[in-house]
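Got some structures for you, see below.
In what follows, chain A forms one complex with chain B and a second complex with chain C.
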Partner chain A sequence: MTTQDIIRALNETFELKAEVLHGNQIRVSMHKKQVAPVLLYLKNQWGFIHLDHVSCVDWIEENVFELVYIVYRPQDQLTVLVKTKIHREHPEMENMEGFWPHMRTYQREIREMFGIEFPGFEAPREFILEGWEEIPPMRRDFDTRGYVKRTYTTRPGREDAWSVREYITRRTGEKLPDFARKYSRD
Partner chain B sequence: MIMKTTSERNKQTTLFIGPQHPGITGNMMVKLLVEGDTVVRAETHIGYLHRAFEKLIEQRNWLQSFTLLCRFCVPEPDPMELTYARAVEAIEGREVPPRAKYIRTIVAELARIQSFLLWYGGQAGSAGLYTLGQWTVGDRNYILDLFEDLTGARIYHMYIWPGGVRRDLPKGWADKTRRVLDYLEKRLDDYNRLLFDNAVFQKRAQGVGIIPKDKALEWGVTGPPLKGTGIGNDVRKDEPYCAYGELDFDIPVYEGGDVWARALVRRDEIKQSIRIIRQALDKMPGGSYYNRIPNPMKWRLPAGEAWVKTESVRGEIGFYVVSDGTEKPRRVHLRGAAYTHGISVLEKILPGQNIADVSFILNSLGACPPEMER
Partner chain C sequence: MSIIDLKGLLVPLGALKQIAKEPHTIKYPDQTKEISERYRGFHYNDLDLCIGCGNCSTICMNEAIDMVEVEDIEGKPGDSGLRPRIDYGRCCYCALCVDVCPSGSLSMTADFIKVSEDAFDFLMIPGKDNPGGKDKITFDASTDTSLNLFERVPMRELPPEERVQSFAEVFLGYTEEEARIEASRCITCGLCTENCPVHMHIPEYINAISRGDDEEAIRIIYDNNDLPEMCGKVCTRRCEDVCALQVRGEAVAIRWLKRYATERAENADMIRRIVNPEIREPNGIKVGIIGAGPAGLTAGYYLALKGYDITIYEAKSEPGGMIMYGIPKYRLPYDSIQKQVDYMKSIGVKIHFNTKVGKDISFDEIYNKHDAVFMGVGLQKGYTLGIEGEDAEGVWAAVDFLGLVNEGKRPDMGKRVVVVGGGDVSMDSSRVSRRLGAEVVQLYRRRIVDMPADDEEIEGALEEGVQIIEKAIPTRVIKDEKGRVKGMEYVRAELVPPEGGGRPRPVPIKGSETVIECDSIIAAIGQKADFGLLPEKVQNSLTFERGKIKVDDERRTGYPKLWAGGDAVKYGRVDAISAIADGFYAAESIDAYFMQVKA
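So, the complex of A and B:
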């Protein structure tokens, strides 16, 4: 089996435009409704039984999330990246937890970190975060610095964020050489 | 460990192992429903060590990411650096000099050995055999010495960079490495006598925590747990990277799918790693060790994506990296071996097992919480 065989099969069966990404890797983009049939087709028909990875990328400029399902065929080391884009407003993707056991883990993480819903997916909502009330943190519009400022306080005695070197010179009265001052926070 | 009775008839009890428990492999918790001594249901709970590394990486440039990447998994920082560096090189199309490929191979295999030595301690310790861990952690220090000589650091090296490695082998380092390997090779017999010849370990490990061979690939099992089911998939052989394609080594495979088979695989893997490093030292090409990148603060990668895998001690590590053409990564997403082993696989194989075997099985799967939640 070669990459060209898989590309031909995907293009003819689902009318897609699969292409070689790198070496034995194939990349194919599609409408979100096609993802589940394509993944099942690759798994059952072509032996892509190993789900390597599921990832999500926030393309906030285009107002979409891109979901990437990476499946692997061990016999001849072929990899297919199945990609789809979904709108950022009310983002939903088909629940595919029955396809592979660890799909459940990936869906839990993507739901929590990007806020993408999988209708019918009943796994507990909290996975890595606890008591989270902000927007999902892996979204590009999540303000990491603002969250840290709102949530955490400075340890007493460290409010001015002195550098250790300057703190010692202030305490001891020792003069800080110019070359050392160059790297100070001030 | 907190116990809570859940059934009116007191038949079933909820038992929490971790997040602070000597038998757990880091900051995670396994919630068990038990009946008597037998596990009925298991759920992995993580989130105690989430450091938002993937989010922070999006706010750093391509090179600054390395200070975070190596901390994805404490026992195995080097495969993280290697995989990410290869992904960046794949997006940019940057070539790596042959010498750097060989040095990377040596570093990756030394990292494997030191991680296997740590595993010895955890696996033996969870069976109540504490002596071996003292020995192997002591011997591991000789490898950390080598790392310190080579990279300036013992654990987190940030040594493998896009384009090659950060510095060349120091004078005399190759000879010192050979002497350490000779020493470790002799010590393997001592480890065998203490662990594999021990009746306690044999009885505890055989027939426990079985992963069915026909389900292993579908469950996302990789590395020693997969080779312990009789399936010899290994990224170093299947899709050779660095200098693996030019070196001679075998993939140990055992049948059974239990803790015993996984332990045997790891035992043999150390021998293979020693074999690989010796060959790499003998065949080390001359020339440059680094295909220099531009000023890192202004370095922009072309828009694109890469999915790159390497073989770590615990199984496959993969990085999905996306560039939007700027000086910072758009997305860096790790697929760690523990992500499947420590959650979905563990939850599937624990029912029916004895409570006392939970941490024993957990150690055999190589569950690494910081890698699961990043």
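So, the complex of A and C:
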């Protein structure tokens, strides 16, 4: 089996344009409705029996989340990255917990970290975070630094820290006006 | 099914084939587990390579990294002197700090075990507290994986063959999109500000440009530079020499970004509306300024903002001094200077043109009419070559030649010009001569790499067909029977390192005399000041050092109520931005002086 065989099969069966990412890796993007049939097809017809990983990327500028399902065929170490983009407003993806048992773990993680819902998925909502009351923390609009500032105290012994800008300004005698300060780094 | 289950007996024996294989487990503590190739354990920082920019500290969302003073590390231009210290109670080992390290000093190691009962032990200065980490680096800040953008957005320019046809501006300026992208490369550390003589607020105005706030950028720029459009085009940009990104890539195009922002204000009225400076009530104190060059204009502008009554006396008919008469128009167009001076006039700066001090008005008269005087007279006279035959017709001092061309005259330089020198003025002379239609040969006594001229100028001159002869020392001007230049004789030199170290010295090679035929010669080997305007009693109370007036940190001379700045003063470097700094600090000093007198 070669990458070209898989690319051809995906094209003939689903009219998808897959491409070689590098080496034994194939990448293919599709509408979210095609993801379940494609994953089942790869698993049952082509021996991609292992779900390697599911990841999510927040493309906030495009107002979408991108989900990436990575499946693996052990005989010849072939990998396919199945990608899809879903709207950032009310994001939903098909529940595929029946395909692989550990899909549950990935779905729980993505639901908690990005706030993506999988209708019909009945696993407990709380996964890694405890008593989380903010927006999902892996979303790009989550203010990590603000959260850190609000939540954690600074340990003693760190009072001698300098702002690099201030430190240099003190050395040069530069007088930084207030209206400029809002563009400073710290 | 037989009584004896043969298969059941034999199958377990298959496991025996594993007996000779290496086990996957390890014998702890005799053996330790192998660490993965790109493991992210404790940090290591090459303290010599680190420039203390603090980008690691800024990127850390857990606020685990502090920038702290470290024993034996001194700050200098291009190095804040601070080094990162990591709170391992907060670090999540994500390595973003390594990915954004511009110098490549920060890395992560295979070490991950530290046992201590003292919580403070977990505040560590990488490199200082774990010098051995150097040999255990697993995750480094390679330029392949770095998140810094090391390549600058190229500046569009006219093709060389088109440039030499006219005095049209060579560089075309960034478009809005180009400026935003270039500005976004800046990591806003501020190392650059230390190398700028006037310490402009560089990270702030670049950050404003990257956010699309061009008018705010202009306001920030004018806070301590009144001639920023000029600087945006022709500054010597020492700031870029110490940019954090130039350690492993191309410096942020600070000069071009300043040019982009200041060109958004198309005329004096727009500058006035955008900068909208606070102007203090007139205080009735009169300050006279000699010379409308960058130093004088700057002192005048910032004093006018502080409520002083400013009059500038200028010998020439146009403002700007050397930036008007010395810098060719293809680098700095006339309108660009005029616009900035018109803005200063709108603030209340008065300029008397065609008023040469010492001829049209005496120094004493100015001194008596005003409560204080600032002098920025520049370097008006070119040094002569000091060789036989240089009184020939057709031998020019670069400053006179460039001045004439900038006044709009087009002297006949003949078919071939020889330019002597290696600084920016020599490049200007060569490139202007090309524009006047001459072939140009430039002689320099060291190598091209040793030239003090801006690399961009050298490159521009070569592209425009200027031929540079390295290690060549002029020895004689050859005249024809009418006393006109006919040729130039020079000898080749070899560079000999002087005893006791230092810059190699060019030593003539005997018998290497060569003659180039030429119609004109331009000497661009430096200029000197002319203090003839000062009465003897004033001259006697000033200190001169190598032909320049000595001033203190506040640009005060030894004569009461007389401040001085610019090229004619011994303070810092000889360039426009240093002159601006002189004018700026003199204005602060003059103001402080009168505030004290009042109090």
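Remarks
As a convention for this text, the second predicted complex is superposed on the first by the 153 of 186 C-alpha atoms of A that agree within 3 Å, B and C clash if a C-alpha of one lies under 4 Å from a C-alpha of the other, contacts with A are read in each partner's own complex, and residues count from 1 in each chain.
One rule holds in what follows: a residue touches a chain if its C-beta (ideal position, glycine included) is under 8 Å from a C-beta of that chain, and two chains touch if they have at least 3 such contacts.
The structure displayed is predicted, hence computed values, not measured ones.
By the touch criterion defined above, A:119 reaches neither chain B nor chain C. When the shared chain is aligned, chain C comes close enough to touch A:174, but chain B does not. Contacts of A:49 after superposition: chain B is touched, whereas chain C is not reached. In the superposition on chain A, A:79 makes contact with chain B only, not with chain C. By the touch criterion defined above, A:131 reaches neither chain B nor chain C.
By the touch criterion defined above, A:144 reaches both chain B and chain C. Contacts of A:98 after superposition: neither chain B nor chain C is touched. Chain A residues in contact with chain B (one complex) as well as with chain C (other complex) are 144. Those residues of chain A that touch chain B in the complex are listed here as 21-25, 27, 49-53, 55-58, 68, 70, 74, 77, 79, 81, 100-102, 104-105, 126-130, 137-138, 140, 142, 144. The residues of chain C lying in touch with chain A in their complex are 52-54, 57-58, 61-63, 66-69, 75, 80-82, 85, 87, 89-90, 119-120, 123, 187-191, 193-194, 199, 201, 203-205, 207-208, 211, 213, 216, 219-220, 223-224. For chain B in complex with chain A, the residues that touch the partner chain are 46-47, 50, 52, 54-56, 58-59, 90, 217-220, 231, 233, 238-239, 305-307, 309, 316, 318, 320, 322, 330-331, 333, 335, 339-340, 343-345, 348, 373. Those residues of chain A whose C-beta lies close enough to touch chain C in the complex are 144-145, 148-149, 152, 154-155, 157-158, 160-165, 167-169, 171-177, 179-181, 183-186.
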